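In what comes next, chain A is part of two complexes: it sits with chain B in the first one and with chain C in the second one.
What follows is the complex of A and B.
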């Protein structure tokens, strides 16, 4: 049943394509993003950043900035009242560089002034004398210890092995490869922005911020500001996309410091250039893999070595590493493994969370290997994957049993049934816009080759390694209206839609009011790791169920029934023997039921020294098939179609699921053939949308989608997270298709024209 | 400096502006019209799309003081608040909105496209809207939204 033909009163419930409650406001420009917020008497804030990847700060002279009319504050590391550093897992990143800078773009000072131009001139007037140091930019030098520590915590952020089963087993079929991924940017459209409003007397501060995790920001902020957490209140400013880049602190501490220093509200807003420097990126990674298989292609052992370049500060690198190495086998059965992984510190841009979180790197490597294995034993890419497909109950190389629904074989078989594009090379009407490179370049249809590639992925859901990433929700039901409160960051994914669907389904109400998203309730955890439908969905569902229990208890007492005899039917409460039918609105007139619920997933464990342990919560799977046209002489690629079948558990909102899948594939296609932050000796060469290329309407292929809906028993609503899997295996599918078209062993993304022509 | 801009049918006086301020900055920060968004400041993303004398332009690339005497239409001028245009409603219904940051610019571009070409092909939609970047949706639902409007306007549905 679609939302359109649902009976009146049932629209917008679970399973339907409910539309966004903020949709009209977003189309009309009235939805307030964090950069749109203002307050009386506000000042603009701006950040001075290091021009060097590694240098000692000899001297900072702020006097020039103070001489400029309109400047109200100039601050450095000396002005941080509390902890001088922050960070998600270890607080190793300075609020402002102190004595040394470790990456191009590291904050050194900040100013507050009456106009953005005044800020710009003030920053230019600050004199910083640097003694430039040799930069560590090759992560292998961090691994082998040949470069002196660039940080007191050392150059290795984390090292972890996985040793499982028979370590001596070899061949008879052996395939080997080294794979590399460039640094990808999340490139959300809504630039970093905040409004910090100080309390009178500096007793506290209210920060309106676009973030993924209000409570984690607050914890880090309070420590740096030396304020009690309750004096630091965060409100979600409208978020223009996130994709991992808003999990870390960017301008949060700076804007609050400036507001507290000046006693006036402060707005900060990054430029696109500054945004490239001011948030973490997807880790560049080098992966070596050697797969051992029997003559039929069944995996006997996986060997792998991962090196993740974490850049200057740790961020979530240690968790990204664990995700990468624990997914080395892919969605395949494999009993034996020998894996070694490092996340290291360099003077490159800091890296952390981005959609797919370490698994993108693992999947690009293991899927390249599966194609090599297929070629080695003479079967096609589909057959090799079917022969090795993981099933529920299989062991991961960590020893963990995959208890999640694992419909890998079904994904592959259903994907094979999806239609291939009917469009010939160059399109039905031979429009040059349909050629690789588009109309502006000179691809010759006669030389273009079409290729098809496959890739399959497994992706963990929620946080891992014994972390309790719970979520909290509060629901009040009064006079037939449900009011739902949570701190879940709505970043565009549509949790605000889902929350209403849950409340309508569980409580039978039509009207759902969403309270402001802020820290006046317990944490929701981060909007990341494909976790909010499961975690915050579980919290809203739990709170709604508690409210429903209270309502049933009340009605049972009034009508001399037992609560278990009552149920919600449409918008009514009924009893099972047919004596009572009363609308929820009527039943709750003049009454209020108010309940709060925390949803926790089951506990997970740390890995031991051999990389063994039940470290993950649950898993989702996806399969992708890409069709590309390649001009082998010019090195140009047109991705014609990406077809996918995804394991979603249950599609709670099919339209939202479609949006996540198409959007995720766009980012995967971007990594495959377009997107890379180019670093030369630690200097960024393309920090703009002119030079960092994102997929446009013309770059995006047609997307064909199939869903596998086998409800996940562990999940509160039966639904798995759907955000990350589309990004994980779409990239290797596109690269496999290019390899298929030109017959070359491409091992690096993004694939560049030179790789195709000369690789 | 002081000058007057004609925005959404109204004469709006701009005071205390520096001469180098972009139309996007003046619309947002001096006239309080926050619907136009800035995401790249160099005309690559289309988030700041507005009409100047009927031409779709990037507000970040136009000097505000240079738009004196021209008719400027912003997202706020497309339809009254709470009464979305057909294109705006189609974006909501088709799932073309996620984070929504690119959306006002895309609404401006989609209206301009459908004015010029009431029955655009899919390739035409892709080409005409390719100056607007969306990072969330992968564009599929946006194409669907534009096609839905074209069908309804033709009276096919």
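What follows is the complex of A and C.
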């Protein structure tokens, strides 16, 4: 039964594939994305960016821009009234470059004008004289200290070791490898866009913005604008995807400054090219690992060294680093570890959050190692993983006990049961689109080799390292209608669907109204870290339960009953030991119950100098098996199938879960075989979708999905976050399958045709 | 900016003759990218998509030729009957962009852009196609090999319209094959077209030089040693031809691939096409 056909009042509860409230508008093209926003008399804003990866600003001459008709504001670092810098963890990134530029694309100035073309001409008329400096583009030079600091905070953003157990263990079986990952882009389709509307007299500003975290934006914005936080109001504009790239400030401060300066609404919107320069990316990373195991392949000790290239500014690099190194052991039991991790500054594009957040890098390395270990002792990839599978109660290399449900063995066994593709290479219908090379008709089926690869992952959920992470929700129940308010950024993941499902399930209502998503309520935290179902789901659930308590108390008083006797049954309130049955609508006629709830997850700790401490909240696991067809002579790959079993706790909306898994696999396949921002000496070579290739429909494999639903006791709704795990282990599974097909040791993603042919 | 939208060939020719600097806009799938990225700022445009004479084709069974109007889209070229008459051109058409792009993209635009990666071009080169350039004052017929003189450079003169390309309708094997990093909707990193005529083959390469490259040495070798009656060619000849193809390529390193890979790939593709042709 689909949610649409369900009896009125029962449709769209938890566990059902409720339809998205914004689904029809999005498919029909009427949904208002933040790029569609407009206001009477608005101006356009645009940004002047550095053409150099590293240069001293000798002189900026704005006079040419001011002379152009229609130009209303031209601003630089001089015009920032408050703090000159921002950042999620440390504020080291200038609103506008001051004295020095540190990456290609760094904002230097901004203009507001009556037309985008006027803006363009104004930017061209600004003269910036640069003295080009040598750039730091090799992260190892930041690690070894051989390059002078490119920022007052130094070139090392963070260094952290993990030292656990017996450091002397060697072998008997030893496998070693170095793994590299290129820079991946989040490539959301809805480009950065905002509309800033100033209050009369410049006392404040309202910003409509596609973002992942309204309150964090507000905090950073208010500091830069030198306004009290209450005077800076944020409203979520329609978001067309995020994947981490909207966690940092991009055009927020610029658009508000221009609006306050001109006293008029200002609209800014990036082009695709500008978007590549204007947001953070997935960290390129080099990981060295050496695994020590006994003759049966059981892990004895893992050694690792990580170097994350953070680019010019810190963003979330220090947290990405911790995620990477603390997941070095993978979803396996291992008592001893020696890990060294660096996140460093270079003159490359800044890197920060992207789906998987450091764990993608760790998983690509540890899964490559597990396959090497399997080969070394002569067992298959499934057996080696079963022998080492982590269980609930095991220790991580940080000393933290994994209290989460950890069904690793079950994931592997159930994945092995999922069907492999039955069709031969190229399919029964000889459709060239099923072969490597596709429409290019390059493949001769006889030369194609098929391979199968496995990868398993562990991913932390929510924020780590003593961050007090919480989310707020307010629920009002009146006349049978529930109104839910939260600041949770809906970026496409479907929280707007889930919030309604929770309210219907807890309160027995049919109609749920979602209030505007803005800062007129407490923070919801970021839509990231696979956390909103757990955190904001917990907040909405908590607020609904409080409202339900008030309702039961009220009814109990009226009918002379005890509140605990009452329960919701369908769309009615019933007395579980008596005869009362009254519809929620009737019971709340003319009444109003209004409650606000904050959900906090349990506290976490910082790591000590040996990398020990309970730094993470909870974990989710996933297993992937990829089948690929490879043309070894041309180095072309067709990913035929990705099968997965994922530990989801509880599938609150099975269709949403499927969407997250399929989308996550698309992103994982992209990193495996095509997605990379190519930088040469700090300059981007492919800042467009012509050359930054994303998988299309024709590159997507068939996806076969199994879910393990063992409710997570810690989670308010029993559900784990499902967004990141599909991206984490799908990449190494695809690469393992390519290795299996061609018998070569591939250690870098994306795997390029040249790696397969000449590697 | 002025935009003229002629609805007859005569009007179109007059418009470009009157304003030789005007940019001719057909499907716009190349031009709009250039405009949007600010690489070109047109002052005047002649949009030819409403010119009916440009979007027709004519098959002459007696002459054994097909004249394809410049405004014919790749969507139409991909399908029958054109696919039956010039299979390699249809295969090339199938690799152009996505269905949406192919509905707008014209062969005249592909020829007009003259990118070494233009997918129709190696096929036109291997077929010895003739490009028809028309001015108000008259028509010039230019063999494709003389038409394209460099990357995005042609002999088209201001005031001229590309009105058609004419290709032979042949009975022998012909094929087009292209390498890109994605299964579809991707710019060629290397491509090869092969056309077999009685007693002779033609091999043309895309994306491995400033223009489309004809491989005369490889063509001569295969033409001399293949058994056209029995449709056979020895492995040795295939290998040697592939080497000659590699030698003819003049590829570069860029962000899309390396010169070494491109050179390697055209050899592999040529060998595969020869095996498909002579088996």
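Everything below uses one rule, namely that the second predicted complex is superposed on the first by the 751 of 759 C-alpha atoms of A that agree within 3 Å, B and C clash if a C-alpha of one lies under 4 Å from a C-alpha of the other, contacts with A are read in each partner's own complex, and residues count from 1 in each chain.
FYI, a contact is a pair of C-beta atoms (placed from the backbone, for glycine too) under 8 Å apart; a residue touches a chain by one contact, two chains touch by 3 or more.
Just so we're clear, the structure is a prediction, and the values are computed from it rather than from any experiment.
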| item | value |
| --- | --- |
| Touched partner set for A:674, first chain B, second chain C, both or neither | second |
| Partner chain(s) touched by A:696 [first = chain B, second = chain C, both, neither] | both |
| Broader residue contact with chain A after superposition on the shared chain, chain B or chain C | B |
| Partner chain(s) touched by A:240 [first = chain B, second = chain C, both, neither] | first |
| First (chain B), second (chain C), both or neither touched by A:120 | second |
| Touching partner for A:230 - first (chain B), second (chain C), both, neither | neither |
| Touching partner for A:433 - first (chain B), second (chain C), both, neither | both |
| First (chain B), second (chain C), both or neither touched by A:493 | first |
| Intersection of the chain A residues that touch chain B with those that touch chain C | 271, 433, 688, 690, 695-696, 698 |
| Touch list for chain A against partner chain C, complex | 120, 271, 273, 433, 436-442, 444, 633-636, 638, 673-674, 678, 680, 685-686, 688, 690-691, 693, 695-696, 698-699, 752-754, 757-758 |
| Residues of chain A defined as touching chain B within the complex | 17, 19-20, 22-24, 26-33, 35-36, 115, 117, 186-191, 238-243, 271-272, 427, 431, 433-434, 491-494, 655-656, 658-659, 661-667, 688-690, 694-698, 700, 703 |
| Chain A partner contacts - residues on chain C that touch it in the complex | 33, 36-38, 91, 94-95, 98, 175-189, 191, 254-258, 260-261, 264-265, 268-269, 272, 275-276 |
| Chain B residues touching chain A - in the complex, by the definition given at the top | 18, 20, 28, 33-42, 44-45, 47, 74-76, 78-79, 81-82, 84, 87-89, 91-93, 95, 97-104, 107, 123, 125-127, 129-143 |
